[in-house]
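Look at the two complexes coming up: chain A is in both, with chain B in one and chain C in the other.
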Partner chain A sequence: MANIRTENLVKRFGDFAAVDHVNVDIREGSFTAILGPSGCGKTTLLRCIAGLIEPDAGQILIGGKDVTRVPPFKRNLGFVFQRPAMFPHMTVYENVAWALELRKWPKPKVKDRVMEMLRLVRLDGLEHRAYRQLSGGQAQRVVIARALAPQPDVLFLDEPLSQLDAKLRDELKLEIAEIHRKTGCTTLMVTHDQAEALTIADNVLLMHQGKIVQEGSPVELYRYPNTLFSADFIGTNNFLQGTITGINRNTTVRLDGTATTLSAEQVLPGVPIGAPVWVCARADDIDIIDADQQAKSTNVVEATVEQALLTGGTVIVQARVGKTELRIHAGGSKRFQLLGQEGKSIFCSLGNISLIARGAGEGLHP
Partner chain B sequence: MNISTPPPRTWLARNASTLLLLAPLLIFMLGVFAMPMVFQFAFAFFDRVFYKNVIWIPKPAFYLGNFAEAFTNPTYLYSIAWTVGIAAVTTSINILLALPVAYFLARTKVWGRSLIEVSFLLPIFGEIFTIYALAYALTPQGPLNWLLLKLHLISTPIALVGSSWAVIIWMSLPTLSVLLIRSAFSGVDVLYEEAAQTMGASALQTFFKVTVPLAKNGIAGAFLLSFSGGVGAYTIPLILVGPYNDWLTNKIQREVDPYFNFPMASALGVILTVICGILFYFYLRTQEPGGER
Partner chain C sequence: MKISRPVAVLLNAYALFLALLLTWPVLQIVLTSFTSDIVFPPQHWSLNAFNEVLWPGLFRSLLFSLKMGAAVTILLLIICLPTAYAMERRRFAGKALLSVLIFVPIIFPVVTYSSAIRVYVFMFFPALRGNFWLIVLVTAMWPIPLVVRSIQGSLANVDVVYEEAAVIMGASPLHTFFKITIPLIAPGLITAAMIGFTSATTTFVVPFILGSNQPTVSLYIFGDVGRLGFVPWIAVEVLVMELVVLGAVQVLYFVFRKQFRGIFV
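What follows is the complex of A and B.
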């Protein structure tokens, strides 16, 4: 187990910086997810830290030791690739034992450890199978067992579930979380699936165009996005223009062009009263309320329904507040009442809103 | 509903079009390769008689004397052992030299890679030309001796041409094997090598424990091809050593001319074929269904 730190890590492909001055500080024993859209440099960052790619500048420290120029085989790590990388010329047992044999573990100890690992990934009994006799999910579990067997300082996972079907992905996702809980090994996982990151990680690095744009717990990322990119990337968000009218423990905001005031449970550092902000309201957090419930609810706005579509569990409502579009994912039994309400006025409780500073001239939704 | 089942068709009827398409090639292969082998095999068991005290002619029989002779007469035995032994040693050197070159070609993007690769084919397509080039290179006045003299490794030039060393050098130099092994290495996913490195394997360990085993089918094929080329080489010893060399192919030729001993020549040829056949059997055994699903 070890912590991971990078200092101004840069990796360029030609002129293009795939990893652009990245500083991360990953706590020992944590489960950190690197989340971001396709092509933002997640894999490149992970492979740099693991030593599979040499960075152009910056430093990597694992367990306080500078490993920037140390080849991967001396870094004591485990790596799980996107495609199952189980060696096809070895059985399940041989795959898991291989790293231990390289480290010259005594035979009986190897056997015990392999069996322990196979039990951990629930593959005991399949140790003599060859690669072609395993399913994709089983092969990926072999690779996880193999990576963890030599007690690595850190475990890297590069989209380990992306090639599996949805059901298996959900299963293995929880299994990976469970394995992390049992082993306590510092884990760094790349994913572009936000649900995956939010479910199993205790720390999320949000990456955009080679840079880390936000770091925090899943709840922090979900509730207090610090940039429009963060707010837009995770979940479905609505962006309304507002102006700060009061700051104490909370911040009060007036929606531009209306008399409606809203309250956010956060204070933006260095943003004074009178400053323009983006008010972010998550489509999933918005509740439709009856007119007489206004006083009892928080952050109520009046909106006009433009379209309501039933998708099964939720009704997706396209509404309008002033000039701004508002997207609502309505749940609960009331959702059916919204169908066929086009043109009607409704009251919405925006729930927990969050604020992002907005440049004075900054216009409509990004 | 009444469905009338069509009458069952014979194997011949079902495969008629395939057979028709294959026929020209099959007939050609039978005529050019299979027939001579059948003749050779039959000849190997023929006896011979001294016709009118002038000429030995083959006499149809089931006679094992040729094979008995081949395995008891020290001249033949030596020739068989020499041919197979040299082929085994030179093929091993050949493959060992080819491995790093092939790996380099498979894994790095060097400028003019296809040119380099084609140059490995030159000794195959321009065989006579390259043999003479090598013969010159190995003469006492040639570049190899010059280099060895300059490096003070030898004090007088060594005569490599005319000795078996020239053939050993020729056969040890990797040519087609480089290309065969390169393509085998290209077929090994880099993913496995990266995985091995993250598991704690050094570059050499990765190469010998992951890359080579995963490319073993191709490497075995290259070995087989080099080996059969080695035992079957005829022109090379003839040019580089001279007509009275120890290679079995040349011995076979001498059985025919001047001795006119077709049965003995055929028996020796069958022995050579069987040796390659045994090796081919082991090669097929390595080609068991590979790792990929």
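What follows is the complex of A and C.
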């Protein structure tokens, strides 16, 4: 186990900076997800830290030791790849034992460790299987066991679930979280799937255009996005323009062009009263309420329904508040009342809203 | 794609014709070996030709050819394996140039460069005349492009992910190459080795021009043809040569196949 730090890490491909002065500080024993859209540089960052790509500038420290110029085979790491990486010319047992035999572990110790790892990934009993006798999920489990067997300082997961089908992905997702809980090995995972990152990781690095734009726990990232990019990337968000009218422990905001005031449980540092802000309201957090419930609810706005579509568990409502579109994912039994309500007025409680500073005159939807 | 019946019949006929064309020389050799004179169709079946062959001389030259085939194959793998690896996995200056130049031996007739080597090498190093290793080296030149391409093709089919996985697990690049890469490209390596071995064992031009002290089997047979013309017992010699080379290639294949079980599905 070890912590990871990078200092001003840069990797360019031609003129394009895939990793652009990245500083990360990853706690020992944590499960950190690097989340971002495809092409944001997350895999390049991971491969730099693992040593598969040499960075152009900056430093990488693993466990306090500068490993920037240390070749990957001397870094004591484990890596799980996106593509199937189980050695096809070896059995399950030989795969998991490979790194241990390389380290010249005595035979009985190798056997104990391999069996321990196979139990961990629930493949005990399949140790003599060949690659082609395994399913995709099982082969990926072999790779996880193989990576963890020699007790690496850090385990890297590069989109480990993206090639599996949806059901298996959900299953293995929870298993990976469980494996991390049992081993406590510092884990760094790259993913473009926000649900995956929010579910498993205890720390999320949100990456965009080669830079880390936000870092925090899944809850922090979900509730308090610090940029329009984070607010837009995670979940389905609505952006309404407002102006700060009061600051104490909370911040009071008036929606521009209306008399409606809303309250956010957050204070933006360095943003004064009178400053323009984006009010972010998550489509999943919005509740439809009855007209007489207004006084009891928080952050109520009146909206006009433009379209309501049943998708099964939720009704997706396209509504309008003033000139701004509002998307609502309505759940619960009340959702059916929304169907066929096009043109009608409804009251919505926006729930936990968050604020992002907005430049004066900036008015375009992100 | 569906093809109409007349076209299908035509294609079948063409395939059959091609197969006959390719096997006819071999069939002729087999037929002639079991006759006492050379007429077509054969008139007198006989095994006399087998008695007339000078077996000790033939076997000496066969043994020498097999030895040369083995030496050329090993040399080819030593030359071509790193080259193919570099061409497929690395970027380096002059890579494009090398990938063109590597085809030179196949574009120029073997006679051309064998003669050039005979003239210039023997001019400065007369002691190398008839040298076994010089003949081996020059014989190895012709199949280099084929062998490099064959290995390169296998490498392209093996995902780099296995090598990366091995290196991350703590294996040095060299260890990774021998324990992961080579087993995974084994089928291509065996094919490449078979190409090299077959062409080297039956080679004629290079040992002829460079003047081998011990005749290779092709030279030996050619010598007999030169002295006596084509008689049935020369067909027997050719038949024996073909069977031995074919047998050696099969042995090579099965030995390797056993070695790399699990890769051949």
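The working rule: the second predicted complex is superposed on the first by the 366 of 366 C-alpha atoms of A that agree within 3 Å, B and C clash if a C-alpha of one lies under 4 Å from a C-alpha of the other, contacts with A are read in each partner's own complex, and residues count from 1 in each chain.
We take it that a contact is a pair of C-beta atoms (placed from the backbone, for glycine too) under 8 Å apart; a residue touches a chain by one contact, two chains touch by 3 or more.
All of these numbers come straight from a predicted model, not from anything done at the bench.
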- request: In the superposition on chain A, see if there is space for chain B and chain C together, and answer fit or clash.
  value: clash
Task: Tell me which partner A:Pro37 touches in the superposition: chain B (first), chain C (second), both or neither.
output: neither
Task: Scan A:Gly331 for contacts with chain B and chain C and give back first, second, both or neither.
output: neither
Message: Touch test for A:Gly246: chain B only (first), chain C only (second), both, or neither?
response: neither
Query: Taking the contacts chain A makes with chain B in one complex and with chain C in the other, which residues are shared?
result: 50-52, 71-74, 76-79, 81, 83, 85, 87-89, 98-99, 102-103, 130, 132, 143, 146-147, 150, 156
- request: Enumerate the contact residues on chain B facing chain A in the complex.
  value: 191-192, 194-202, 205, 209-210, 213-214, 216, 289-293
Query: What does chain A use to touch chain B in their complex?
result: 50-52, 71-74, 76-79, 81, 83, 85, 87-89, 98-99, 102-103, 130-132, 143, 146-147, 150, 156
Task: Name, in rising order, each residue of chain C that touches chain A in their complex.
output: 159, 161-162, 164-173, 175, 180, 183-184, 260, 262-263, 265
Of chain A, residues touching chain C in the complex: 50-52, 71-79, 81, 83-85, 87-90, 98-99, 102-103, 130, 132, 143, 146-147, 150, 156
